[in-house]
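Both of the next two complexes hold subunit A, though its partner changes from subunit B to subunit C.
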Partner chain A sequence: MRFPRISGILAWGYALLLVIPFYYLVISSFKQNDDIFTHPLNLPSTWDPGNYGEAIGSADLVPAVANSVIVTGLALLLTLLLAVPAAFALSRSTGRAGRVVEATFSLGFLIPTFAALFPTFLLAAFTGLFHTRTFLVFLLPATAMPLAVVILTQFMRTIPRELEEAASMDGASTLTILRHVHLPICVPGIATVVLLCFLSFWNEYLYSLIIIGPDPAQRTIQVALPTLQLTTGTDYGVLMAGTVFTLIPVFAVYALTQRQMQRALVSGAVKG
Partner chain B sequence: MSELLSRRSLLTAGGAAAALMSLSGCGAVQALRPAAGGKNTLVVHSQFNGAVAGADVFRAVVEQYRTSTGRQVATLSNGSDLPIVFETSVLAGKEADITIVNMVGKTLAWTAEDATIPVENLLAEWGLADRIEPGAIQEWTTGDGHLRAFPYTRTNWPVAFNTRLLEQAGVEVPLTSQDLIEAADALRGKGIGPVTIGGGDWSGQKLFIQIIQSFLTADEAERVFATGVFSESPGALAGIQHFADLRDAGVFVDSAQGFTSDSMLTQYNTGQAAIMSSMSSALAKVPAERAAETTIGGWPVPPGAVSTKPTVIQSFNGMGVWISENGAGKLDLVEPFVRWLFSDEVVSQFITRSGRDMSAVTDVTSTDFPLVAQAQALAAGDTVDPVILPDLLIPEAVFEPLTQATAQAFGPGTGPDQIVDVLEASYKNA
Partner chain C sequence: MSVPVGSQVENPRPASPSPVPQRPAPRNDPAAWRQKFPGLALPGLVWYAIFTVGPVVAMFVIAFLRWPGMLVDPGFAGFGNFRDVFADPVFWDALRNSAVQIAVGLPVMIVLAFLLAFYVVRKPRGHQVLRFMLFVPALISAPATALMFYSLLNPDGLVNGVLETLGMSGRAWLADEATALPSLIVIDLWAGIGYSAVLLASRLDSVDEEVVQAAMIDGAGNGRLAWGIYWPIARDFIGVVAMLQFLSILFSSAQNVLLLTKGGPGTSTTTLSYLIYQKAFVDADLGYSQAVGIVLFVLGLAGMFAIRRLLRPTH
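Let's turn to the complex of A and B:
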C-alpha cells in the first residue's frame, strides 16, 4: 500500500514540475518586465491583455500563424499522401526489394539538418521556388518520410492478413483494401504520425528562415516570433504573450490527436 | 463513439485548414500576398521591425512615402538574423534593393565581396554629404576609402545615476574611482545595489572594455582590440588591474557575472540599483518616474589614467542604409527613397517618436525621451572623454568567446593574470 502512495505523490510532483513553466509563461504574458523579474511566480495585479495586442501587432503574428498553418497543413497532407501507400506496400511486401526500400527510408534518419541546408538552398534557387512557401511545402514531407513510413509500416504489419484476404475474395481492389480495411484500423498510427510531424513542421526554424525568407506576408511563426526579442531591453511580457499566442494551435492539434496517439501506444503494448 | 468523434474532429480541423488555405489562395487574405518585386517596386529589407525602437516610425514613414509619391515599396524584415538571410538572397540573386542593418560581424565584408555597392560617389550626387555627421562618414569608410553605406542610426553609451538613491546613501554623483568605491560602500550600507550590469552578456563586455580604455590611448586601444594581445600592453594591464580592484571593492552588484542586460535594466528601473552604464536606446526604456530622478554622466576617472574626464562610449555604428547589386540597377527608385529617409521630416520623427540617436545632422531633441536627450547633450559637450566601441576591431569569431571571458572577469576570485589569460585565449581559440 505504501508504494502506490509514494508513486502517486511522485507522479503529482512530476506533473506539478511540468505545469509550473506553463503557469509562469501564461502569467508573465500579462505582466511588465519589472514585475516578471521581481515577482516571477506571483499572479499579475491586472489581467490586461495589452501585451497580446502589442505582440500580435508589432511582429505581424496573424499572417505568420496563417502561414504556419498553410505550410504545416499542406506538408502534413502531402506526407500522409506519400507515406500511407508506401507503408501499405512495404508492410505487405515479402521480398528482398521491400526490405531494401524500407532500409533506405530508415537511412533518412542519418542525414543531419545542417548538411542538407546548402544543397536544399541550391535546389530552391534552381527551381525558382526560393523565397516561397511552396518549396517548404514540398521539402518538409521529404524530411518526415523516414519517420512516417517506419511508424506506419510497423503499425500496418500488425493487421491480420486474413482481413485483407477476405476483402479480396469479396472483390475489393488494392486501393479499396487500403481505404476500407487498413485506414480505419490505422487511425491511431496516423494520428501519431500527424502529431509528431505537426510538431516538427510547426517548430521548424532554419529552413523557414533561409528558404521562405524575410517577407512578413510569407514568413512562418518561428521566424516572426524572434523579432520580439531584442539585444537591448527585451519586453518579456510581450515576448511571452507572442509565445502563448503561437502555442494555441499546438495545443489544439495535441488535444485533437492525443487520444488516438495514446491508443496507438496502448495497442502496441497489448500486442507486444 | 469516441472514434467517430475523433474522426469528426480531424475532419473539422482539416476543413478549417483547407478553408484558410483556399482563402489565401484566392487572395481574400491580403496580408498573405507576397511582397511584389519587379523593376517598378523598390524592395527594402530592414531590421526596423518587431519590438525594435523605431519600427513603428519606419512603418509610418514608408507609408507616408507611398502615399505622397505613389511609388511602390515592398518591405521585408528580419531581426538579428538579417545578415544571413540577406547573404543567401544575394547568392540566389533575389536580394532586396536596399537593406537597413548594423555594421557589425558579417556585414563588414559586404562591400569588398560586392554584395553591396560603395556609396561615396552617391553621397555628394544625392546631396547627402552635408546631411550626415562627418564622424559617421569616417567610421563607415573602409580602409581603402569606400563608404560602405549611408550611416543612419548611432550609439551613445553614457552612465545613468539615480540621484535619489545616491542622496539616500549620502553621496554625490561619483566623478573618480575613489568616489565610486565610497558611493558603492554607502549604497550597500543602505541595502541598495551600486553599479548594475549584465556581467554575463555583451553589456558586461562593453563596460569591461570601457573601464580598461581609461588607461589606453586611442591607438593602443585599436591595436589591443584588433590583435587580442593584452599582456604586451602596459595600458591594458593597468586597466585590467583597475577593473579587478573595482570588482573586489564591491562596486558591481552581487552575482553580476550571472546577469544580463535585461536584468540590469530591471534592477535600475525598479530602484534596486543606483548606477548603470547603458546604451541610449536602453535609456529610452527607463520609465518616467525613474528618469525624473536620473542624471546622465560618464564612467568615473581612475587615478593615473590616460583619460582626464569621465568616459562615455560614442559610436556611429548603428544601422546604415546599404544598396545591393539589385539596387544598383534601380538607382532611380533608390535615390528618392534614401533622400526621403534623410529628410528633416523623417529624421525628426525617429528622434521625437522613438528616441533614436541619428547619424544625420540635426538639432532636434526629444522631450518624450529626456535621458536620450541628456546623453546627446553630454556627448556634444566637453565634460566627458569619448572612448571607442571596438566592435569594428574585434574579429567576428571572437565576439562570443570574448563575452564569456569578460563574464569570468566579473566573477569574484578571478585575478588580473587569469583575466588576461582568458581574454587572450578567446582570441586564440576563436
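Let's turn to the complex of A and C:
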C-alpha cells in the first residue's frame, strides 16, 4: 500500500522536532556554558553530573519533589473519595435531581477556572490556608471533579443492576455494595481518572505559584524549577539539569503505564 | 490547571447504550430512595461549588468593585472598571495579541494534527513509535516546556547556534518585538499538535475500513481519502478538539508569557489571560483584572459556539 507522502514527511519532521529539544536538553545538562555555545549538538566530552548536584542544591529540588508527591497523592485520594460515591449515586439515580446534579458537573467543563485565579487566592486567604500546600490539596480535587465524576458515572452505568439487587437481598448495605460490587468492576475507570489527575496535578503551575508561594519548605517542583533561572542566571547546564530532573518522574510513569495512559487521555477527552 | 476536557461538554452519553430501565422497587428500599435522590453526590457537589463555582461567581462580583489593592476597602464601581478596561490601549493590544495567537495558531494546529492523525491511522511503518512520541509534549509541565524553549531561543541558544553554522545571523527571538509573539505561537504548536493528533487518531481509528477500501478501489488518492472521507466523518470530533485547544491557548497562555516574556517587549506579548494575572498580582488593580476576566469568559464561550457552528456534523 502507498502511504501519504506529505503527511509522512510532516509526521516524521514533527517527531524530529520533538526529539531534538530533548537531545539538546540532556546533552547540555552535562556540559559547561562555553561547550554548549561552541558545540551545541556535540556529545559532552565527559559526562559530568556536577550540574545536577548544583541544580538540585540551589533550587532545593529534593523537598520540592517531596511536596509534589504529597500534594499530588493527597489530592488524588481526596478526588476519589469525593468522586467515587458521587458517581455511584448518579449512576443509580433515575430521578430529576440526579439529572440536574449530573448536568451541573458536566457544565464544569465550560468553566474557565483560570480567569478566577484571583478569587481563588482570596478564598485561600479567607480560609487561613494561604501559602500552604493544604489549600492546593483541597483545591485540585474540585477542579478535577467534572472529569472524574463524568468518567466514573459512565463506567458505573455499565454495571448490571441485578448484581446490586442480589447483594442487597443478602443484606448488604449501600457502602458494602459500593466497596464489594462496584469498586472491583470499576478498576479500569478509576485507573483512568487517577492517570488523568496525576498528570494535571503534578504539572499544575500557576495556582501553585500563587497559592503556595516562594517558601522552599512548601512549594512544589513546578514552582521550584523556574527559580533556577534567577538563582543560576544563565548557567544553561545547571538550568537544563534541573529541567531534566523534574521530567524524570513523569517519563517514568509514562513509560510504565504507556498503554493505559494513552487510553486514559483519549477516553478522558473523547466519548462523543 | 488543565485537565483534558472533552466532548462530555457536548453530549454526556452513558457508556452503555441506554440507562437501565426503571423497575418498581419496594417502598423504603434504600435502592429506591437512591434512584430519586443521589445523596452520595452531595460532598463532591459541595466541594466543587466552594472551590470552583464560588471563585467564578466572586469574579463577577469583584469586576464591579473599585478595589485598588488588597489592603484597601473595596467600593462599588458599577461599570467603571469596564470603562477603564475599554479605554486602556494595553487592553486592546492584549486583545489583538490573543486574537493573533488563536487565529494563526489554532487552524494550523488542527490541520497539521489532522494530517498527522491521518498518517498514523493508515498504520505505516513505525506508527507505534510515532504514537508514543506524539504524546510526549502533553506530559511536560508548562515550566519545563518554557525552560526548554528558553534554552533553544535565547541569543546563545541552539536555534541561533544552528543558524550561525549555516552562515545566517541569529536574533534574540523572545526579546525582539517582531518575533516574541510568533515564538509563543510556535511553542503552542509544538506542544499542541501531538496531543491533538493522538486525540484525532482515536476518532479516525473508528472510521469504517470498508468505506475506505471502497474509495480506494474507486481510485481515491491519499488526498481525497483524507479530505473527502476522513475529515467529514470526523468533523464533529475535530470541532471538539478545536474547542479544547482554543480554550487552552486562550486561558493558558498566561503561563508561557509569565515564564518567558512577562508580556514584553513593550506590550507585544501581553495576552488577555496574562493581563488578568498582571493586573491582579503585579499592579494590584483588582477590579480591572476581574473585568478583563469577564471579557475573557465571554470570549471563551463565544469562541466555543463559533467553533461548534463551524465544525458541526454534516451527516
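The definition used in the following text is that the second predicted complex is superposed on the first by the 206 of 272 C-alpha atoms of A that agree within 3 Å, B and C clash if a C-alpha of one lies under 4 Å from a C-alpha of the other, contacts with A are read in each partner's own complex, and residues count from 1 in each chain.
Rule of thumb we're sticking to: contacts are C-beta pairs under 8 Å (C-beta built on N, C-alpha and C of every residue); 3 or more make two chains touch, one makes a residue touch a chain.
Note that the structure is a prediction, hence the values are computed from the model and not measured.
Of the two partner chains placed by superposition, A:26 touches none, neither subunit B nor subunit C.
Judged by the touch definition given at the top, the superposed model places A:93 against subunit C, while subunit B stays out of reach. Once the two complexes are overlaid on the shared chain, A:229 sits against subunit B and subunit C alike.
After overlaying the two complexes on the shared chain, residue contacts for A:167 are found with neither subunit B nor subunit C.
Between subunit B and subunit C, more residues of subunit A are touched by C. In the superposition on chain A, A:217 makes contact with subunit B only, not with subunit C. Applying the stated contact rule after C-alpha superposition, one finds that A:7 touches subunit C and leaves subunit B untouched.
In the superposition on chain A, A:37 contacts both subunit B and subunit C.
Residue contacts after overlaying the shared chain place A:262 against subunit C, while subunit B stays out of touching range. When the two structures are aligned on the shared chain, A:104 is found in touch with subunit C, with no touch to subunit B. Applying the stated touch rule to the two superposed structures, the overlap between the subunit B and subunit C interfaces on subunit A comprises residues 37, 121, 210, 223, 226, 228-229, 234, 236, 239.
Note for the complex: subunit C touches subunit A at residues 1-16, 19-20, 22-23, 29-31, 34-41, 43-45, 47-48, 50-56, 58-59, 62, 112, 115-116, 118-120, 122, 124, 130-144, 146-152, 154, 156-158, 161-162, 190, 193-195, 198-199, 202-203, 222-223, 225-226, 236-237, 240-241, 244, 247, 250-252, 254-255, 258-259, 273, 276-277, 280-281, 286, 289-290, 293-294, 296-297, 300-301, 304. Those residues of subunit B whose C-beta lies close enough to touch subunit A in the complex are 2-3, 6-7, 9-10, 13-14, 17-18, 20-21, 24, 29, 31-35, 45, 49-52, 55-56, 74-82, 84-86, 88-89, 91-94, 96, 202, 261-263, 265-267, 269-270, 279, 281-282, 285.
Within the complex formed with subunit C, the residues of subunit A that make contact are 1-8, 10-12, 14-15, 17-22, 24-25, 28, 36-37, 40-41, 82-83, 85-90, 92-95, 97-98, 101-106, 108-123, 138-147, 149-150, 153-155, 157-158, 160-161, 164-165, 168, 173-174, 196-197, 199-200, 202-207, 210, 222-223, 225-226, 228-229, 234, 236, 239-240, 242-243, 246-247, 250-251, 254, 258, 261-262, 265-266, 268-272. Subunit A meets subunit B in the complex at residues 33-34, 37-38, 54, 58-60, 62-63, 66-67, 69-70, 73-74, 77, 121, 124-125, 130-132, 187, 191, 209-210, 213-218, 223-224, 226-236, 238-239, 252-253, 256-257, 259-260.
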